[in-house]
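This report refers to the structure that appears directly beneath it.
Chains: A, B, C and D, in written order; residue numbering restarts at 1 for each.
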Amino acid sequence: MAEALTERAAAAKATTTETMIVAAARQLEGERVCFVGIGSPNLACNLAKRTVSLDLELVYEAGVFGAVPARLPLSIGDPTLVTGAASVSSMFELFAYYLQAGLIDVAFLSGSQIDKWGNLNTTVIGDYANPKVRLPGSGGACEIAINARKVFILMPQTKRSFVEKIDFVTSPGHLAGKRPAEWAGAGPTIVVTGLGMYEFSDDGVMYLSSLHAGVTVEQVRGNTGWDIEVASELRETHPPTAAELSLIRETLDPDGTYSR
Amino acid sequence: MAEALTERAAAAKATTTETMIVAAARQLEGERVCFVGIGSPNLACNLAKRTVSLDLELVYEAGVFGAVPARLPLSIGDPTLVTGAASVSSMFELFAYYLQAGLIDVAFLSGSQIDKWGNLNTTVIGDYANPKVRLPGSGGACEIAINARKVFILMPQTKRSFVEKIDFVTSPGHLAGKRPAEWAGAGPTIVVTGLGMYEFSDDGVMYLSSLHAGVTVEQVRGNTGWDIEVASELRETHPPTAAELSLIRETLDPDGTYSR
Amino acid sequence: MAADSSKVASMQEAIREVVRDGDTVAIEGFTHLICFAAGHEIIRQRKRDLTLARMTPDVIYDQMIGAGVASKLIFSWLGNPGVGSLHAIRRRIERADPEPLEIEEYSHFGMVGRYVAGASRLPFFPLRSYYESDLPKANPRIVPIDSPFSDDTVYAVPPLNPNVAIVHVQRADARGDAHIWGVLGCQKEAAFSAERVIVVCEELVGESVIRSDPNRTVIPGLVVDAVVVEPKGCHPSYAQGYYDRDNRFYVEWDAIGRDPQRLESWLKEWVHGTATHAEYVDKMGDRWDGLLPPEAWSEPVNYGRYE
Amino acid sequence: MAADSSKVASMQEAIREVVRDGDTVAIEGFTHLICFAAGHEIIRQRKRDLTLARMTPDVIYDQMIGAGVASKLIFSWLGNPGVGSLHAIRRRIERADPEPLEIEEYSHFGMVGRYVAGASRLPFFPLRSYYESDLPKANPRIVPIDSPFSDDTVYAVPPLNPNVAIVHVQRADARGDAHIWGVLGCQKEAAFSAERVIVVCEELVGESVIRSDPNRTVIPGLVVDAVVVEPKGCHPSYAQGYYDRDNRFYVEWDAIGRDPQRLESWLKEWVHGTATHAEYVDKMGDRWDGLLPPEAWSEPVNYGRYE
C-alpha cells in the first residue's frame, strides 16, 4: 500500500518525455531485434532491455550489433557502442544484410511533421527548392520506414507537427492505406507523443488509443491538424512506475539529457 | 665466355614448361598488379617479382592482396598466401573493388580450347547439355577476361587446343575483333605455349611473334587448327638464363611440381 | 533449435534438425574452412534429394554427390584445386552414372553476387561479366539489364537463398557470434542469405573473447540456429592458424574418386565407419604430424573503455 | 605523389598536391574517424569551388562551407549529431547567405550504394528504398528500375567517384596499407571509389604490424596516394582506442555556427591561427584530459606460419 503510494507520487512527477520513453519501452515486450535511434529511443530500448525485453538486441546504424553501451551515447556512432559489442560491420553490410534483409523487428523514427497515415517529414518545411526551414533529411529513415518489420514513432505533438498534409514525404508510413505487400515492413504500428498513444486501423489511419494521465481528448484534438479518430475503448496510459523512473533517472540518463 | 656457355648448357636443358614460365615472366616487366593463377602462372609471377618486376603486387582471387608466399601453394586459397599478406578481404570485395574496378593490370588465363581471337573454353568439350568432357567451368575466368586490363594466356598447344571453333565461349577474348570500349580490359595481349609466343593484331587476330628455340613454323602450323598468321619479323624466344632456371629449380619449385 | 541463448549442439543433432531432405544446402568456404565434418554427417544420415550450392564443389561435394545425397548442383568452378577433376560428379554429368545430376552454373563473381543479393533481399545483383560469353545461353538465369543512367549494359544474376548454410569458423561463442580470419570467401554472405545456419567452430570461446574484437565477427549469432564444436572439422581443407591443408589428400582423392568401387570403400571406411568426426580425426593418427603450423600471432588493437 | 614505396607526406604537402580547386572531395567517417585535420588544412589553403560529399556533413563541413571552400554538397543527413543543426550550411541553403550552395541529396543507404557502385565500376546500385517517398522527386538521379526476374521494382542510384577521398585510420604503414577498427562507416568504399586517396593515420607503423593481421586491413596501399601522420587528427570526432569524441565541442559548435561573426573568429583563431594540426592539438591544452580512455585490448589470433 505504501509502495503503491510511492509509485503514484513518483509517477505524478514523471516528465512528459519520461512518460513517452516508458510507454515506448513497454511496447518492446516480445520484440527481439531493435534498430535504435539516438536520444529518447535509445533510452526506451535500454529501459526495455532492463524490464520487459531482457533479450532485446540493439542494432545501431553505424554498423553495431549487440551493443552494450557503458554510458549514454550522445551520437549514433559513439565509441561506447563499439567496445564489447557482438559485431561491428560496414554500413553497407548493416543496411543490406540486417535492415533490407528484414532482420530488424522494430525501428524507431521521429519527424518534424506527421500525417494521419504515419508518413513522416524530416526534410524541409516549405518548398524543397526554397525551404523555410531546412531539416536534416532522411539519413537512414527512408529505408528504415520501408524495411523494418514495425516502426515505432516517438515525437512531440502540436498542431504544427500533426498536420493534414506534410510538406515533404521523407519516410513513407501507410501512404494512403495501400502499403505494398513486397515491402518487408508493416509500417508504423505505434505513435507515442506527450499526450497519448496512437495505433493504426486496417486502413492505415491513425487513431488515439490511449491518453496519458491528466490529458483530455480535447487537448489531443487541439493539437492535431486533422479530425483525429478515437478508439471506442480509449485507454489511459499506465503511468511510469517508480522502478521504471529510477532506472531512467539513476542508471540510464542520470544527467537528464534526454528525459527531462 | 665460360658463363655464357654455362647459360647455354642450362638453357638447353630447360623443360617446355620452364620455357613458358620464363617467357611469361619477362612479359611482366613494367606491370604492377597481377592477378595470379595457380600452377605455372604463379611461378611466372613469383619469378618476375625476383627478376624483371620487383614491385609486382600479387592478387589472388581468394581475396588476398600483396601476398608473400613462403612456399609454393598447391591451391589458390593456400594458407601461405594469407600469413604476412598486406590485405585479405571477402571475395565480393576482391571481385568488385579490385577486378571489376579495373585495378588489375595483368591476369593469367588458360583453357582447354582457344580460337584465333583468344576466346577461351574451360567449360565443356562437346555439347553443353550432353558433354563429351565436362571441364571445370569459368571460376573467375569470365570476369577476369572482361575486366583485367591485359590478359596473358599460358597453355599447351596442340591441334585439339588451338581450334577453328571452340565448343563453348567461357571467357571472351577479342570476340571477332570488336571488343567493346566500355570493357575495362584490352583482352589477351600475349599467348605463351610450348612452341612459341603469340600476339594479337589490331583486328584482334592472333599471330605467331616468337618461336621457342628449336621449334619451326611448320611445327606451329601442324599444331594449330586454323591458318595461323606469322609476324613478318619473327623472333626467336631468348632461352631461359641460368639465373632464371636456378630460381625456378632451387627456390620457387624445388619439387618440380609445376615446372617439369 | 532451442530459443535459449546457448545454441550448442552435436553435429548429429544439428544436421538432423536443421537439414531436411530436398533442401538447398550451401557448405561454403573458399579452399579454407570447408566443413567436411558436416558433409560427412549428411552422408551418414543418408539425406536425399539435396540441391548443393558452392562456388567450388571441391572434394567434399564429390564425396557427397558420390554418396547419393544430391540431385542438383549449383556452382562456378568444378574441380579438385591444383589436382584435376571431381570424377564422381563428372560421371553423373557426363554419363548419368549412376543417375543424372542437374546443374546450374555461374562464374565466381556471379555466385558471389547471388549470395549478396540473397543476403540483401535484392531481386537481382548486377555485374560486369558474361558479355559475349556462352554462359547466359547455358543458364537463362543470367540476363542483361540496362543501366538507367547511361547506355551501359550489365548482367544480372538472381538471389540465392539456401534453406541451410553451413559455415566453419575458427572460434564462436554459444550464441553463434563467430570470428573468422584468413580467406573469408563468401561465408558471411552465405550465412546472411540462408533461412537456417549452422556454425561449426574449431573452438568454443566465451562471449568476452568475441566481444573483445567485434570487428572480427563475421557472422552474428542473430542469424545462427546451431553451434557445433568440431575441432579439425575441415580436414582435408584447413583452418588458418589451426592446421594446414592436407594437399596430399587432395592428390590421393583423384584416384579414389575415379573409381566408384574405391569411392564406396572410402566412404564405408572413413564416413560410415566412423560414428563422429572425432573418430575420423583419431583414425588419421600421425598424419596430423605434418599439418600443424608454428604460431604467428596478430598484433592486438586497443578498443578503449568508454564509460 | 612519388612512385617510390614510401608515400609519407605532411598534411600541407598532401592537400596541396592531391586536392585541386573544383574537385569533388569526400572526407568520410561515420561519427568516427572524421578527419578534421584535413578539412582545416583545406580551409588554410583556401581551396575553392569544391563539391563536398559525405553521408553526414557534420561539423567539419559546416566549418569548411562556412569558410567558403565549397559550392556544392552531396549528403544524406545534415545535422550536428545529438545536438541540432549545422547553421552555416543552413544559412547558405535557406537564404543563400553569403552565397548559394547547391545540394544533391540521398538517404544513408543511397549514399552507401553510390560509393559501392563507384568502387565496383557499376553503372548503378539497386536498393529497396525511396518507394512513395518524395526524395526521387527532389533528386532525379534516384530512379526506379525493374527486376528482370520478377515484377519487383527497386530504386537505382548512380555511382559516386570522388576525385579525392580522405580517410582517417588508426594505423598505416608507409605504403598506405591501413588498419581500422571500431565503426567502419564507408571508409573502404569511399577509398576504392576515388581517383586519389589520402590516408591520415594516428600512428605510422612498420609493415610487419599491418601484415601480422591482414584481415584488419580496410584500405590497401594500392589505392593510396599519400600517407599523412596526424595524431589526434579527428578532434572533435574520435579514433576508437586513441581518444574520445569531444561531445562538449559539438554542443559548443551550435552557438558558434549560428553566428557568422563567431564562426569567423573561431576559424581565425583555431584554423588560420594554427599553422599545423599539431599546433591545434597543443592549443587545446588540458581539454584532452577527459578524452583519453583506459585500454581495452583485443584478443589476438594465430595466423600460423606455412613454410
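Definition applied: a residue touches a chain if its C-beta (ideal position, glycine included) is under 8 Å from a C-beta of that chain, and two chains touch if they have at least 3 such contacts.
Here the structure is a predicted model, which means the values were calculated and not measured.
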{"item": "Given chain A and chain D, the chains that contact each of them", "value": "C"}
{"item": "Chain pair with more C-beta contacts, B-C versus B-D", "value": "B-C"}
{"item": "CA centroid of chain B to CA centroid of chain D, Å", "value": "40"}
{"item": "Separation of chain C from chain D, taking each centre as the mean of its C-alpha atoms, in whole Å", "value": "37"}
{"item": "Centroid spacing, where centroids are CA-atom means, of chain B and chain C in whole angstrom", "value": "29"}
{"item": "Separation of chain A from chain B, taking each centre as the mean of its C-alpha atoms, in whole Å", "value": "59"}
{"item": "For chain A, residues contacting two or more additional chains", "value": "64, 78-79, 82-84, 88-89, 96, 100, 184"}
{"item": "Set of chain D residues in contact with two or more other chains", "value": "116, 121-122, 127-128, 152, 181-182, 184, 188-189, 215, 240, 244, 293, 296, 303-306"}
{"item": "Graph class of chain-chain contacts, one of line, ring, star, complete, other", "value": "other"}
{"item": "Pairs of chains in contact (touch as defined earlier), listed by label", "value": "A-C, A-D, B-C, B-D, C-D"}
{"item": "Interfacial residue positions of chain D with respect to chain A in the complex", "value": "30-32, 55-56, 75-79, 81-83, 85, 90, 93-94, 105-109, 112-113, 116, 127-135, 137-138, 152, 181-186, 188-189, 238, 240, 244-245, 247, 250, 293, 296"}
{"item": "Touch list for chain D against partner chain B, complex", "value": "5, 116, 119-122, 175, 177, 188-189, 192, 207, 210-211, 214-215, 217, 220-223, 303-307"}
{"item": "Residue ranges of chain B touching chain C (in the complex, touch as defined)", "value": "38-39, 61-64, 73-79, 81-84, 88-92, 95-96, 99-100, 123, 128, 131-143, 146-147, 168-172, 175, 180, 182-184"}
{"item": "Chain C-facing residues of chain A, complex", "value": "33, 55, 57, 64-66, 68, 70-71, 78-80, 82-89, 93, 96-97, 100-103, 184"}
{"item": "Residues of chain C touching chain D in the complex", "value": "121-124, 126-128, 141, 143, 145, 147-150, 152, 154, 156, 158, 170, 179, 181-182, 184, 209, 212-213, 215-216, 240-242, 244, 293-306"}
